[in-house]
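Letters A, B, C and D name the chains as they come in the text, with residue numbers starting at 1 for each one.
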Amino acid sequence: MPKKIRLGILGGGGDSLIGVLHRVASFINDNYEIAGAVFNADFDESLNFAKEIDVPVNRIYKDFDTLVEEELKLPEDERIQVCSILTPNFLHFPMARKLLDNGFHVICEKPMTTTYEEALILQKAKIKSKKVFAVTHTYTGYPMVRQMREMIKEGALGKIHKVDAQYYQGWINTIIHDKKKRASVWRLDPKKAGISSCMGDIGVHAFNMIEYTTGLQIKSLLCDFNYLYGDNQMDVDGTVLIRMDKHVKGVIRASQVATGEENGLSIAIYGEKGALKWEQEKPNFLYKLSDTEPLQVYRPGHAYNSALSLDGTKLPPGHPEGIFDAMANIYLGMARAIRGEKYNDGEFPTMQDGVRGLNFIESTVASHKQGNIWVNLD
Amino acid sequence: MPKKIRLGILGGGGDSLIGVLHRVASFINDNYEIAGAVFNADFDESLNFAKEIDVPVNRIYKDFDTLVEEELKLPEDERIQVCSILTPNFLHFPMARKLLDNGFHVICEKPMTTTYEEALILQKAKIKSKKVFAVTHTYTGYPMVRQMREMIKEGALGKIHKVDAQYYQGWINTIIHDKKKRASVWRLDPKKAGISSCMGDIGVHAFNMIEYTTGLQIKSLLCDFNYLYGDNQMDVDGTVLIRMDKHVKGVIRASQVATGEENGLSIAIYGEKGALKWEQEKPNFLYKLSDTEPLQVYRPGHAYNSALSLDGTKLPPGHPEGIFDAMANIYLGMARAIRGEKYNDGEFPTMQDGVRGLNFIESTVASHKQGNIWVNLD
Amino acid sequence: MPKKIRLGILGGGGDSLIGVLHRVASFINDNYEIAGAVFNADFDESLNFAKEIDVPVNRIYKDFDTLVEEELKLPEDERIQVCSILTPNFLHFPMARKLLDNGFHVICEKPMTTTYEEALILQKAKIKSKKVFAVTHTYTGYPMVRQMREMIKEGALGKIHKVDAQYYQGWINTIIHDKKKRASVWRLDPKKAGISSCMGDIGVHAFNMIEYTTGLQIKSLLCDFNYLYGDNQMDVDGTVLIRMDKHVKGVIRASQVATGEENGLSIAIYGEKGALKWEQEKPNFLYKLSDTEPLQVYRPGHAYNSALSLDGTKLPPGHPEGIFDAMANIYLGMARAIRGEKYNDGEFPTMQDGVRGLNFIESTVASHKQGNIWVNLD
Amino acid sequence: MPKKIRLGILGGGGDSLIGVLHRVASFINDNYEIAGAVFNADFDESLNFAKEIDVPVNRIYKDFDTLVEEELKLPEDERIQVCSILTPNFLHFPMARKLLDNGFHVICEKPMTTTYEEALILQKAKIKSKKVFAVTHTYTGYPMVRQMREMIKEGALGKIHKVDAQYYQGWINTIIHDKKKRASVWRLDPKKAGISSCMGDIGVHAFNMIEYTTGLQIKSLLCDFNYLYGDNQMDVDGTVLIRMDKHVKGVIRASQVATGEENGLSIAIYGEKGALKWEQEKPNFLYKLSDTEPLQVYRPGHAYNSALSLDGTKLPPGHPEGIFDAMANIYLGMARAIRGEKYNDGEFPTMQDGVRGLNFIESTVASHKQGNIWVNLD
């Protein structure tokens, strides 16, 4: 294995949860070292954090543009190779674009951009750059999600005719029911948070999970949002009827007011010959249903799993790996791609996933705003 | 307690599953005796079955009209008091109507009628008759469903803002994917089975469960069916967006092609203060969710349950009661009503539930056929 | 099918839980009618109860001896054929013995007798009588327990090498921690309740479940009881090391102070090729484990189940049947035996199960009292 | 926060699973850097592995003694501060002893030593050294195990009267049933693997879990092993009756032939007022049972958890953390201790846990070999 990949980090300093997630994920398979960063908009805080976690302070930059400028001055074999973008959403697009244009690989937090239009522009930049790009639909990194994908690809379900995906959380209850809070929080301000709260933040994961596992594309949708209060302008709940083909239909359900739900992403795929079900909160159990055979429960690490699934498991069966490990699998695939090693479709979510996601989000808003009509995706 | 109630049975002879369910349910609380019957359209089979199960053959009649005619000749204290209608769907309406008009109480299998129009007519007949009428939305007889209703009534969830109900089965797969079978089976022939397969047979249970547990009414809906094949005219899968109020929304999902699902009815009700979830296949577990407290699992028979719930449990906690017991609870409530004893709302599903169900079914079909538009319920 | 079997009931009147269980179980498959009874030691209460549940009062007797005497005067085709003994434990033996001696079949609640010596005497009486005898180890009536037995019999697990059975309840906490209550309750008085509380009441079910499902016999055991307080003389908790063969070992764990446990009977059987696990509180799920294949979950009513299992299921998959249905299956097997019809081993627990159970209970007490030494069963 | 702690690694090179676990755990909270190592007995392999994972090769030593010698020559602020011992079991004792004697802190894989005698010697060395020592009972690092400990400490269960811990695996089936394999594998050779296989490798975790969560000490035990074959000398299965006090009893069950079990460690603690149950394979669910209240399910990351538990969670509720995170929590507590920061009992398993473990293992063997007699622990 070659030397560690030089990773730059944008955002994610201090107590940032997403910062911990990416940092740990990058360490897990011994593939990355943090070579430089702008951890924080405040340069001093950025420096202090670098000291705390022992990142060399000479490559902590005062801002993103400086990072790009200074790194480009370094010889290629010292220069940051890939940047993880963990900044506020509206910065994803300009940062990712500039990084690609300047020859850096990119790992971009979700949403990839704030609009579909930006996503398409970014896609062109990516193609032109010939760099590797990953968007962190983290949940696709779970071994049993990968197993789901591979089993479907190999025909375990036969022709798929129905999908049902859910992403239920309850955390926005503490905000939404309080008139002052819901008027002031950035999450519910379309100017700051983009056009969609619930569907943009979590519904899109359910969407991605469907396309990732089935290999099918959602062609059209009809969406109904719930704003819960007349003075709230952002969806906090929504249901989306989806069609993949004339006779292949399904539903995506997402909510931030599903009281008591923590991070309730789940998916069920039904086909002629069988079905597969998975829940994010019990990620190490994959259920295979049949009309005629006993239900089967697949577990990570067993030889009966696919190569793609086994690649994402580090310990023997019965040793629970979690979401850090799922993200680490994405970083692992990305490392292979950066090094030009062989890797497989499905090892990390790509630009294409990001583009599809924005297309989905804008379509749900369009459907809802026009009175719950059918809207085609590109 | 007075003497046993004299029960007449229409249909349900031989190996009929629904026959066993009603017969056992009627026995369970020692309230009923089978006084007469038309178990089968074939008189000889009816007689033989009566002998098998030791029902007096002198009150086995050759057909329904004869039963009514002959029973009316008997003195009131010998006459059948209540009839259970277990015949094919299209007979429910005429039989129920005639029974009510002639002074019999009625327990009617679902669907109560084949059209909403008939349901409204029957409702008038019922009111005029002053007789007791139950429609067998059996699942409402489970102690934990009753507990759900009572907890919501007492405000455990605060204002409800979202509901999600599912009824997934997979059994029609063996028919629908076979061109010959799907062309010939009565279930998928609109002339024989009515206007809806999936929504009429099972979706309506999910609908009823929502209204039963929340005490709210669904005001409008938008439905998308899946027929799966161009040559099939009946829904075998469908998703319904529902609205109970401007900001109270939800979804009903029903399928007969959810491969590997057995009898997957489940319901989740989310309110400002908490949520409740229940699954039919694990009926003795009721989950109470909170954003701030540990999840709670309610179990039947404990003193912490409501009176309505405890009334439906016969044994101490940990002794699983099942669907026969759920139906028996409905028969128990009905017995009290027939005897003029005190009973409570929620002890059995009424004519009103039947009427609402037909309104729902026809609305889903109307919505789908007009291109997935919003349709108001009455 | 012949006419209903004439059933006599001893005990079980009023609100008796065991009374409801047996009565309902006898009704469920349309095989029995209650022909006579001594529901209660108080003749008036017995009569009143008979009126309530519409049993002919002319065959309600003032006591057991009268019942036997009077019934014997009746012609054979009117006479009670089988009696269910639901009386206090110390009456089981004399009643069962007299019934057998006088040509009645017997369904006897557990424990069959209060001592092993009585059990052996009763066994002889049974053999001499040529009558059918069942002891109600109810849990063996569950379809998935039967499936477990059949799968093991057919070699699904290969050679068995380990068993682990548990029966945990918590109900005696409310008594045992209160000095007055524990001194006064009959359950903890060896003179009234027999030599063992926890092992005699519930541990013996776990014992029976092991022998029923595996077809193996427990040959020796070592037991440690917990009395919890120095002034308490009855076991409320105990663990039993068991040996079926030199290299086939296991453990039975029973408790009445397992706080919060309701009726936690479970069993796990491990063999060379696989394992089976089952829990009473989720009776319709049977887990098949393998070192190399995905875990399988067997569910009642599917064609993949054995004939013995399917015989115990009345409705299609997904319709939960419960403990009343388990007991009904035992009554069904008993009905076949009484009528001289073909039935299979395993349809109901026999005299032999009762004898083994008493042997087990006395052995656990002997082991504990002698300082936790190994004791052989016969 | 000070600079990273300089960590030395002994063993764990190449594809070693335990190596990955410790390395990742050390990275997760940004507290450690690998300063030196002997990854492998083969120096070249050690060097190659160091290159692969970018550890400076100048501090990769040819053997353990050289590492100690050379590191001692370095100034204190460059020298390795703590060593993780991941070598074969028989090396744990001499390495740990020498490290302590030379002023290094130690993180030692389990078993701490191969005999109780060694453990006592090591304990003295540790006390003399004033260094920090952790033994990796990894499972105590799970947030919900910590929550269990804290709830018990705060009296949530009242007086504890029963414990039941299980550690079931099935992996040795592939070896034990094959005469050649079982004769040749080092795991079943007492000369190589120590006096106990099943109890020494996994039973001891169950033992530790009981003492960790309850704060009680097991005072005596009676053990029965199963060797499964006459020609096998090592326990592959065993049950241990335990006593913490005259009326506080329990059981430890361990097996390596529990076919199909993966890593089935679980624990149940029953007290006067309630009970707590936890399973390693679903580590993020903690069950609180009560005789009178609904069962409660505690989940990590919620404010209702104790400080000790919350300290071990990095992400919000619903984001599953796993066994790498559990080990990382132990490394985190160790880091605080090494830096002389404030930390709490329970943040990592100590020398005392190691000593108790060896005492337990030797006692089980003594009990079994002497014919299943009671043996006192020190």
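For this structure, a couple of remarks:
One rule holds in what follows: a contact is a pair of C-beta atoms (placed from the backbone, for glycine too) under 8 Å apart; a residue touches a chain by one contact, two chains touch by 3 or more.
Since we're looking at a predicted model, the values are computed, not measured.
Common neighbours of chain A and chain B (chains touching each): C, D. The interface with the greater count of contacting C-beta pairs, when B-D is set against A-D, is A-D. Separation between the centroids of chain B and chain D, computed from CA atoms only, is 55 Å. Chain A and chain D, compared by their mean Cα positions, are separated by 35 Å. The residues of chain B that reach two or more other chains are 171, 261, 288, 295, 299, listed in rising order.
In terms of which chains touch, the assembly is arranged so that all chains touch all other chains.
By the touch criterion given at the top, residues 1, 3-4, 17, 20-21, 23-24, 27-28, 30, 33, 51-54, 169, 171, 261-264, 280-284, 299, 314-325 of chain D touch chain A in their complex. Interface residues of chain D, counted against chain C in their complex, comprise 157, 161-162, 164, 170-171, 173-174, 177, 222, 224, 226-230, 237, 239, 241, 246-247, 249-251, 253, 255, 257-261, 268, 270-275, 288-291, 295, 372, 374. Partner chain B is touched in their complex by these residues of chain D: 288, 292-299, 302-304.
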